[in-house]
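Letters are used for the chains, namely A, B, C and D, taken in the order the chains are written, and counting of residues starts over at 1 for each.
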Amino acid sequence: MSAVKRIAVLTSGGDSQGMNAAVRAVVRSALFHGLEVFGVQRGYAGLLKDDLFPMDLRSVGDIIQRGGTILQTARCKEFMTLEGQQRGAEVLRSRGIDGLVVIGGEGSYQGAYKLSKLGIKTMGLPGTIDNDIPFTDFTIGFDTAVSIVVDAVNKLRDTMTSHERASVVEVMGRHSGDIALYAGLASGAETIIVPEVPYDIDAIAARMHDNFKAGKRHSIVIVAEGAASGNDIAEAITARSGIEPRVTVLGHIQRGGSPTHNDRILASRLGDFAVRKLMEGDSSKGCGIVSGELVATDIETVVSTKKPFNMDLYNLALRLSQ
Amino acid sequence: MSAVKRIAVLTSGGDSQGMNAAVRAVVRSALFHGLEVFGVQRGYAGLLKDDLFPMDLRSVGDIIQRGGTILQTARCKEFMTLEGQQRGAEVLRSRGIDGLVVIGGEGSYQGAYKLSKLGIKTMGLPGTIDNDIPFTDFTIGFDTAVSIVVDAVNKLRDTMTSHERASVVEVMGRHSGDIALYAGLASGAETIIVPEVPYDIDAIAARMHDNFKAGKRHSIVIVAEGAASGNDIAEAITARSGIEPRVTVLGHIQRGGSPTHNDRILASRLGDFAVRKLMEGDSSKGCGIVSGELVATDIETVVSTKKPFNMDLYNLALRLSQ
Amino acid sequence: MSAVKRIAVLTSGGDSQGMNAAVRAVVRSALFHGLEVFGVQRGYAGLLKDDLFPMDLRSVGDIIQRGGTILQTARCKEFMTLEGQQRGAEVLRSRGIDGLVVIGGEGSYQGAYKLSKLGIKTMGLPGTIDNDIPFTDFTIGFDTAVSIVVDAVNKLRDTMTSHERASVVEVMGRHSGDIALYAGLASGAETIIVPEVPYDIDAIAARMHDNFKAGKRHSIVIVAEGAASGNDIAEAITARSGIEPRVTVLGHIQRGGSPTHNDRILASRLGDFAVRKLMEGDSSKGCGIVSGELVATDIETVVSTKKPFNMDLYNLALRLSQ
Amino acid sequence: MSAVKRIAVLTSGGDSQGMNAAVRAVVRSALFHGLEVFGVQRGYAGLLKDDLFPMDLRSVGDIIQRGGTILQTARCKEFMTLEGQQRGAEVLRSRGIDGLVVIGGEGSYQGAYKLSKLGIKTMGLPGTIDNDIPFTDFTIGFDTAVSIVVDAVNKLRDTMTSHERASVVEVMGRHSGDIALYAGLASGAETIIVPEVPYDIDAIAARMHDNFKAGKRHSIVIVAEGAASGNDIAEAITARSGIEPRVTVLGHIQRGGSPTHNDRILASRLGDFAVRKLMEGDSSKGCGIVSGELVATDIETVVSTKKPFNMDLYNLALRLSQ
């Protein structure tokens, strides 16, 4: 016997690639298990306006490969108040909805936590490109974002090699350096600057200078926006070495594009898992994959824990980019 | 103190994307640790011809993003004989090489095992798109191959939707259905046919028929070459349902293209790990990543074990492709 | 004063990338000029079933980048009869529609011609990947199809270089070798086999043999399906030279994917042009771009003329692929 | 009888995709016609240092698909002086080189013109992504640059739709708005800002405001760097409408990546044409393609003419992006 009969799903916060695949998995898994499912338009803002609609198999046809989210997202200040949260719980209850899957980042998780206090069973799915949510090795969208950065660096490399140039690429990641780390390791960047590790701009400039003298034909610095701006890093390098790196700020294209197969698979696994957890009566959990295993962790723990930075990968990147 | 002073690296068997990233990691990690490194041209065939050359930092510059292998590969019957193997060990010894990293599939691993019996320390890295080597969750090249299949299915989906059609896509995988499984799950294929699971062509045809009647606008079957040919499946469906699926045989394009960031990172981690294992005196091991951890397993065990098929993912794919 | 007040648009025959961009251009240009527009579902089949719906600015929002056609296509035997055509003209007249834009290949043009005889003003837009419609340098979809083939050959090249191999790639083009020609020239294929030029398989095999002996590391043959099958060519080469080329049959993926900017621009220009021609009172014309200029040619002339093959490009390809 | 016996080829100025395809065409066409060919490293700078090397068929193997230029480019102040130019001509003469093909932008053309005054037969090929060289419809690299911008806008569109947002994309083009124009038309951008057409920021902001009120879910502004900076446009829109567009500055990734088939074909045709023109005794000409025909125009005329802007396409873009 399932602990929930009718559930809803919403996407919230910044969108990320694979959110649609997650919505699809929630809907199809729920239907497979005999539940009813509703979609909420525009996150918590839509919830407060009772902007819900029933979803069937076809509602999520042909969306697994689409970027963005068919449910749209929006910011919602009102939902940060107790009153807003109570109104949200009421809306769900008035429709007989007893379970909710929230796909988004930490702010979205907080909302799910609040609703669970008000009697709604909730599950959080990590939908953000930043990979900054703990208790999951990867967030939905991260793999695609890294692939976009790596593709951009591939392009830069061509033109830099022709000119013997340096490039600074600023990537997303306010609190997490993971996009910079993974993209930097994968693209053979000589320097990776992340919020989690202090950097020595003098050493960076000196190394770049030495490399060019030793015959290296290009040099790539990848910097997470949370550590410094690309322009600042470029200026600091110029001041110290005379080298004038080109700056690329990739911006929101990192959030777009068709999700990679990894993001689609991750989203599919997590969406299905969240439904099954709700059916088991679980609530207020953040779902994730750790070492290949599906896990559900108390949202309170998730939002109060800082995700550890992978120093092994960081050191490997240094070792291999000589 | 390192157990090896001078090592060599070769790629063998069918090539796969990320082999260059693995070669780069072996070379740079070795140099970083103070070893000398040689490259062997064309796998075991080149080894027997003493076709080796010293590699430095620049030898592997700008290759992390390249498909194929700069060391090339070739088949070599002679090396299957004891005489051939003894000749190979002699070549290495005559150059003072005491360690060898072999990047390839199971046949390549066998060669590494034989050389280890003759006194050369060896490490195997799983380089094959098929993901059919056990004791590693993923092989180098698999992620890229899946991404190519998924990209092809994305394209097919566009044109099928316009015509209300069915497609059968034949993908690589002689003994392993993993490419079909991962690509099928990620692209929302209605049917996935793999060597590991018996299939019921009557049920497949009937389901396709019912889906079209229920308004589904396209239907995708992904079949691993090891289970059946795409043409045979299409003909069997036509015979049973009158539906005439289009057949696509992706062939060797699945082995090409720039490696994904995941394959580059996997190759980088494994290449570095293999060098460190050789330095520790280890030998005749297949390197892999299991649940995120680097592991080294006796090659004898690796080649005598059948990789288990992931039935959880298979069932998830069925559940979500209704 | 416009010669038409209310027009319809349909897509017919095999779909091609850029059809959506053409539909968008027809709709938006018509609305811009104060006309009403209807969409016809599933080509002539939908026309006979009176499956039409009014279109506004939003109907074609966010489709310029989509493969396939939102109007869908279908075969329709009934429309090949005079009765069917009369029924089609009646449907249009009963809705007060006096102009029709047909996007498709030669079969679709024939239908437009027939309707024009029955008093409906018609315009044909060349929507087919084959580039086999005369009086236009390029058809809508051709540029994207070539880009897909070239991308596939890029991938093959990687893996062939690692193995010193030959590849035969079979591409679409029943009566036209243009996809083979453009993709072959752009990817540096050594051999291009097209329906328009007789080929000498002995010479091809001999040249391939000589090239390998001279140190060339790979050899690519691109063959249009209208000239020969990839498998037949490969077998003939093996029989003559012992070389065993790998065969890739790209199939319907050549019809999918997001249209290139060139196809979108071509479709936009032609869609807008067709509307303006209808407004001027013109009818039964095939629209095209010749040497950069928009032209409208009698459909009777279009369907009775064989598009000339570009021997200059063919000879250039030979000259440069030594 | 050929007017030249031994020619050289160099790439100069900013690199562009397809330069390698042009180098390949020059080399292979020259060899095909029985000439000798030398490559010059790093443009005019390398010429002054006598940094030349003989090229054969294999020198240009496997480069048609590569971004950048294997000959590299560099700025060279010395070559702007008469002394430098004389030294350059001397280097060529001392090696018996009587013809030179220069691939680059207007600055590069000036150099070719100067050398022609000093007795070297020269041909210029338009290698720049900006499409700002007259007497050719397209420059080598332009098609690829547009494709990169369009791909980026595709990605932005996904994420904007989820959030109902506006985006400003700054693209390259100091004196020419062609990248903005073609990419804007192809991606359905609502606003295209180019140096050639004055823009009314009040009207732009008002239209954006109205569109959002009318239910449009996203709005894209593409601005050529020569007209304004993306940041300035975004701030001006915010000041007038309260809408806060996201800014993306694509930067040098527009110059990288594998060239499209169109750039490869254009480069192949022009490279071959330049060689044939040199053989005919022609000199100091800029080669181009106008309405599909190969043409050679006096470099003096080329560098003193402003390329006309395509107002028809610009107006079409406005008409279709309602």
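Miscellaneous remarks
In this section, a residue touches a chain if its C-beta (ideal position, glycine included) is under 8 Å from a C-beta of that chain, and two chains touch if they have at least 3 such contacts.
Predicted, not measured: the structure shown is a model, and the values here were computed from it.
Apart from chain B, which is left out here, the chains connect through touching into one piece. Interface chain A/chain B: over half of the residue numbers present appear on both copies, so the contact uses mostly the same residues. Of all chains, the one whose CA centroid is most distant from that of chain B is D. Chain geometry summary: the mean Cα position of chain B and that of chain C are 36 Å apart. Chain B and chain D have Cα centroids separated by 40 Å.
Rounded to whole angstrom, the centroid-to-centroid distance between chain A and chain B, based on C-alpha atoms, equals 28 Å. For chain D, residues that reach two or more other chains under the stated contact definition are 154, 157, 161. If the chains shown are joined wherever they touch, the resulting network closes on itself as one ring, and no chain has more or fewer than two partners.
Screening every pair of chains for touch gives A-B, A-D, B-C, C-D. Those residues of chain B lying in contact with chain A across their complex are 24-25, 28-29, 31-32, 57-58, 61-62, 64-65, 137, 143, 146-147, 150, 154, 157, 161, 182-183, 185-188, 215-217, 258, 260-262, 264-265, 268-269, 272, 291-293, 313, 316, 319-322. Contacts from chain A toward chain D in the complex involve residues 11, 14-15, 17, 19, 66-69, 72-74, 148, 152, 154-164, 167, 246-253, 255-257.
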